[in-house]
Amino acid sequence: MHLLAIVAHPDDAAIFCGGTLAKHADRGDRVTVAHMTRGEYGGLGSQSEAAVAETREAEARAAGEVLGVDDVTFLDFEDGRVTDSLANRLLLVDVLREHDPDLVLTHFRDDMHPDHRATAGLVTDAYYMASLPLCETDHPPCDPDNVYHFGKPTSSFEPETFVDVSDHLDRKLDALERHESQVEFLVEHGGIDAEFDNLAESLRAEGLVLGKQAGCTAAEGFVPLHETARDYLD
Amino acid sequence: MHLLAIVAHPDDAAIFCGGTLAKHADRGDRVTVAHMTRGEYGGLGSQSEAAVAETREAEARAAGEVLGVDDVTFLDFEDGRVTDSLANRLLLVDVLREHDPDLVLTHFRDDMHPDHRATAGLVTDAYYMASLPLCETDHPPCDPDNVYHFGKPTSSFEPETFVDVSDHLDRKLDALERHESQVEFLVEHGGIDAEFDNLAESLRAEGLVLGKQAGCTAAEGFVPLHETARDYLD
Amino acid sequence: MHLLAIVAHPDDAAIFCGGTLAKHADRGDRVTVAHMTRGEYGGLGSQSEAAVAETREAEARAAGEVLGVDDVTFLDFEDGRVTDSLANRLLLVDVLREHDPDLVLTHFRDDMHPDHRATAGLVTDAYYMASLPLCETDHPPCDPDNVYHFGKPTSSFEPETFVDVSDHLDRKLDALERHESQVEFLVEHGGIDAEFDNLAESLRAEGLVLGKQAGCTAAEGFVPLHETARDYLD
Amino acid sequence: MHLLAIVAHPDDAAIFCGGTLAKHADRGDRVTVAHMTRGEYGGLGSQSEAAVAETREAEARAAGEVLGVDDVTFLDFEDGRVTDSLANRLLLVDVLREHDPDLVLTHFRDDMHPDHRATAGLVTDAYYMASLPLCETDHPPCDPDNVYHFGKPTSSFEPETFVDVSDHLDRKLDALERHESQVEFLVEHGGIDAEFDNLAESLRAEGLVLGKQAGCTAAEGFVPLHETARDYLD
Amino acid sequence: MHLLAIVAHPDDAAIFCGGTLAKHADRGDRVTVAHMTRGEYGGLGSQSEAAVAETREAEARAAGEVLGVDDVTFLDFEDGRVTDSLANRLLLVDVLREHDPDLVLTHFRDDMHPDHRATAGLVTDAYYMASLPLCETDHPPCDPDNVYHFGKPTSSFEPETFVDVSDHLDRKLDALERHESQVEFLVEHGGIDAEFDNLAESLRAEGLVLGKQAGCTAAEGFVPLHETARDYLD
Amino acid sequence: MHLLAIVAHPDDAAIFCGGTLAKHADRGDRVTVAHMTRGEYGGLGSQSEAAVAETREAEARAAGEVLGVDDVTFLDFEDGRVTDSLANRLLLVDVLREHDPDLVLTHFRDDMHPDHRATAGLVTDAYYMASLPLCETDHPPCDPDNVYHFGKPTSSFEPETFVDVSDHLDRKLDALERHESQVEFLVEHGGIDAEFDNLAESLRAEGLVLGKQAGCTAAEGFVPLHETARDYLD
């Protein structure tokens, strides 16, 4: 199986679905993380956007390695300036077709961050067009099975699908620590994202609370684009 | 695995979860249907309650046979008069302990029918007490894994868990037809339950719409009491 | 009375509100269907977009005839590429003014299909501007009474207004069958829309379930943009 | 047509549905108001319960006269002590059968006042049993068409059905003023019900806001137990 | 403390938050109202857009004086044509930075009016970018504490935060009356906004109903972008 | 100010509102915790109910001391058998009157635990009757200002009011540890409440997540029975 996570910024994969990616990678699934931007706005002002981007791309690659991600790519959108346009939608259609995933993981439409919201819109709309033969792009049509949206449990996001990441929470937090440039930034500029001295402690608490909600030690939560039926109750 | 469906009236099992019961029975799970009442109010007035009860008990047994149910029991509550009292809750605690199921299926708390609502309340509250060693009843404590609630897709019930019953819809409708005494009754007294000349046609339509919602031909829908985590996205 | 349905694709009118349109037409209301696009993406790849568009326009005209639609028009937007821009909004303002309807029927804002969503946005925003004298377009201001949104009962759409189409369900399905080019397409590319071998069977099931919800044999469901008061309870 | 409003306390009919009752009475519908209690707890302590009950019964009769109510009855439950028991449900079954209404108006299940909530539960559950031939009470079975629930727009109650009472708001307020014993009581003991010096001003404001919501000058709002289909959009 | 209200049209500040602005001004807070547009579409057709804009700007300044607003500004967007683009978002980033407020008040994202919706989107997205050092505009970064959204109680807007404006309701209505050009316009073109002969009466009713909901005589309601904790229950 | 927390079981006060109680106690507010039951069902079977009750009462008193609670009382209901009857409601009316609190804290009506639900029902209904002079009990009428409901963030409970307990989280956890008899019990019988080896770790995670939601380090969440207005935005 091939999972493709499409995230807005370099640290979003670890934050939102790092445990799930690691778990799928561990069982041999192919895992790709495509970053819309290099997060070049995530600097304190003493560095140029280019320098921030370079640092954060490296951090994303290091975090991907921790998680066992097979392919870490960057889609060259600009941080803070992702827009949900028809042209960008077609770019995403081709991204989907190029990677031809079974499942797509991305942000959700009502996320408060504008880049997250635009990414969610582009990915889900591209998902509807990716299978159309007459919508031509560089790669041939593809037809992923479903899209799973992630978000913060502290936003309006209400997860319906929980993945048990009890055995992968430590790895998620390890991946998070690869994004060391963001620690100081979030303390200064993260707004509600930076109340904790220790971002890892915050994510750990979220994992435990979601786990409690779902009957396991630690979990990550998702909302599927389409409901799916299961074979038996369990 | 042992599934215990606790339903208010003789035809509720076929109507609400007949496909799911048949499917589990087919793979070898143990399936029990416990009826709170014999549905003795479900007569046109020309018969006594006792005669109606006898007819409907036989229909429930015939339907259970069609579905492959292992055990069809009756709990001797009175139709239209199930009440959510502490005494009745303790009776249900002992019912759970006697059958010691892995999963319990029952109505949901906001169902419009008073017997359905009382049954849902009794079962879920009994579920919380069934494991307590100091709450003594005839049978020893038990600890079912979860409760799944069912309801009409046309009520306020919103299913979250869908079971693919594409291959069992015909059997569900076959079981429904065992409840032949109810056809005339529902046409006369069923209120909103009897718009269709053919109750089977109505249930078939519901199965198809739920199936469409969940990506398969036909489905039944449930709301779990507790969320559960899964191991992998699929 | 004049009803104007503004739909994204040629088969949307029959699918979403065919029974209601036929019923209004039958009592002598004027009924117009304006198609944003000709659905030219709805081909299997063996035909050009132009050929698909030609086929589907003809199908829409045939379906409109079945439903008794007075006027079938095409607004020349591109399939899969309808965007909710200010320029397009002004185009829709003029469409509303040209047709001067009493009621407008269209998609709803949270539909999952991007063209449906863009159409819903354009129409409702145009509705707010169509009455403004200082917002000048080719036709004079108009002031429709209300907008009714339609959607799939299997999406997040929750109908509040139900129209009894018990006597028009067959005609709706007859109109649907005029869109014969889409049968093969939807089976191949319809995703969740194509689980049924027979699209007509799916729509029939939806009509029956909505009818059951509303106390009649078959219904179509809508969400009004503005609530309206009634004179008496009934 | 016969409307039966079943309310917990003497002033509830005027407060919650006085305009609608007056409007139906004006066009010749038969209108009955059945009061569960005489509101004997609604005194300041200087009077006995019996004296309060006498005063309030007279006020309810005077208000009923203003509204054009045909029949004002009292069901002899105790104020503040209405309970949702099986025995009381059967009493309500017989009340429904005795009056044999087409429509029933009553409180809603999640109202914060315990008497309102118990009344709502008793009435809706009795509604399900009133048509059953084998559920025997003093009067023969009846089968009302629907139940409409009312509540305060300032509670969790969210009206879906609006009745235009623009021409009957003054009469509603006139009826309200018949309950003069409650003015002082509510100021002293009404909690959140008594913020306004002038209760009539409060009800007038609610009517105007509901009217604005529904496109008329003044409205009252209801939630139907069962959805109903309409013939045409308007 | 500095409050900045960013509203789409000249009369929106008085309508949606006039009481709150007056109350904060009275205790010495700095209050700024920034108008996206001059409301130049709000004319009957006998005047040019420019003439309407001039009239309405003067009305907004007069209303601001009544409310005690320190600074009334106009951002030069076009009425009916505010779009939620990246370029406009950057303009709003600079507006926030120029005024450097502690709190921002604006419309909510699901308002039905397109200008209100676009304004809400621009302001909340700008709020996320205003603190970023690498997002350069004319003024230095700023970091407001929170955004409060307002809307009509008759829309889908559900207020969570209530401000007691019992002592400022008269002043709000006084400010409203400064917008005298809109009285005739709204009667002709206001749609659901103009059911009342007297707009002031409508707003007064809304204030009373919100007040009743919140335990005071009159209130205005808001939804905060971010929840905030309080120190003690009260 | 006097806060009265009415909880079902001995450990509920620490779990649900321990931080808030400690904070109010610290500033000199009077704090009372009334326990409906002594939690005598919370034993492993090796002890009698009486022995369990004795142990847990002592634990509750020790926890109350840690939190600075002024008065710890027990209302002598039976664990697992609290019922929402009229007689019990009157008992609670007298409990409210005896303690005459300004604010009441208790469970919420849709909690999954039957004792929690019954307690919530009894307390809120008693709250409506406690002020009525004609409803006579042992103590004179009282009129608390509001009721605040608490619940688990992992249930359907959605807090609207957050109290910053950043400086009192350690004390809450310290109080929790006084309930040492429950650690083994919850591991064996706690169902979804016992996923964590360490209950304190679970509560700490919940406090951090609620804190993140509310912009502080740690919080507890409540739903007020009545909304309240505030004087100013902040």
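Labels A, B, C, D, E and F are assigned to the chains in the order they are written; within every chain, residues are numbered from 1.
One rule holds for everything that comes next: a contact is a pair of C-beta atoms (placed from the backbone, for glycine too) under 8 Å apart; a residue touches a chain by one contact, two chains touch by 3 or more.
On a predicted model such as this, the values are computed, not experimentally measured, just so you know.
Novice: Treat touching chains as neighbours and tell me the shortest step distance from subunit B to subunit F.
Specialist: The fewest steps needed to get from subunit B to subunit F is 1.
Novice: Listed by label, which chains are in contact with subunit A and with subunit F?
Specialist: Under the touch definition, subunit A and subunit F have B, E as mutual neighbours.
Novice: Compute the centre of every chain as the mean of its C-alpha atoms, then state which one is farthest from the centre of subunit E.
Specialist: B
Novice: For B-F, which listed pair, D-E, B-D or A-F, repeats its interface with over half of the contact pairs the same?
Specialist: Having compared contact pairs by residue number, the answer is B-D.
Novice: Name whichever of B-C and E-F has more C-beta pairs touching across its two chains.
Specialist: Result: the pair with more contacts is E-F.
Novice: Between subunit D and subunit E, two touching copies, which fits better, same or different residues at the interface, with half of the numbers shared as the threshold?
Specialist: Counting shared over all numbers used gives more than one half: same.
Novice: Taking the mean of the C-alpha atoms as each chain's centre, how many Å separate subunit A from subunit C?
Specialist: Chain centroid spacing, subunit A to subunit C, equals 35 Å.
Novice: Where the CA atoms of subunit C average out and where those of subunit D average out, how many Å apart are those spots?
Specialist: Here subunit C and subunit D have centroids separated by 41 Å.
Novice: Roughly how far is subunit A from subunit D, going centre to centre by Cα mean, in whole Å?
Specialist: Measuring from centre to centre gives 53 Å for this pair.
Novice: Quick check: what residues of subunit C touch more than one other chain, meaning two or more?
Specialist: Only 192, 211, 213, 215-216, 226 qualify.
Novice: Could you list each pair of chains that touch, in label order?
Specialist: A-B, A-C, A-E, A-F, B-C, B-D, B-F, C-D, C-E, D-E, D-F, E-F
Novice: Provide the residue numbers of subunit F that touch subunit A in the complex, in ascending order.
Specialist: Touch residues, subunit F against subunit A: 153-154, 192, 195-196, 201-202, 204-206, 208-209, 211-213, 215-217.
Novice: Could you pull out which subunit A residues touch subunit C in their complex?
Specialist: Residues of subunit A touching subunit C: 85-86, 89, 124-125, 128-129, 131-135, 143, 225-226.
Novice: Which of the residues in subunit B end up touching subunit D in this complex?
Specialist: It comes out as residues 40-45, 49, 52, 80-81, 83, 112-114, 189, 191-192.
Novice: Which part of subunit C faces subunit D closely enough to touch in the complex?
Specialist: Its residues touching subunit D are 1, 3, 20, 23-24, 27, 29, 103, 105, 145, 148, 160-164, 211, 213-216, 219, 222, 226-234.
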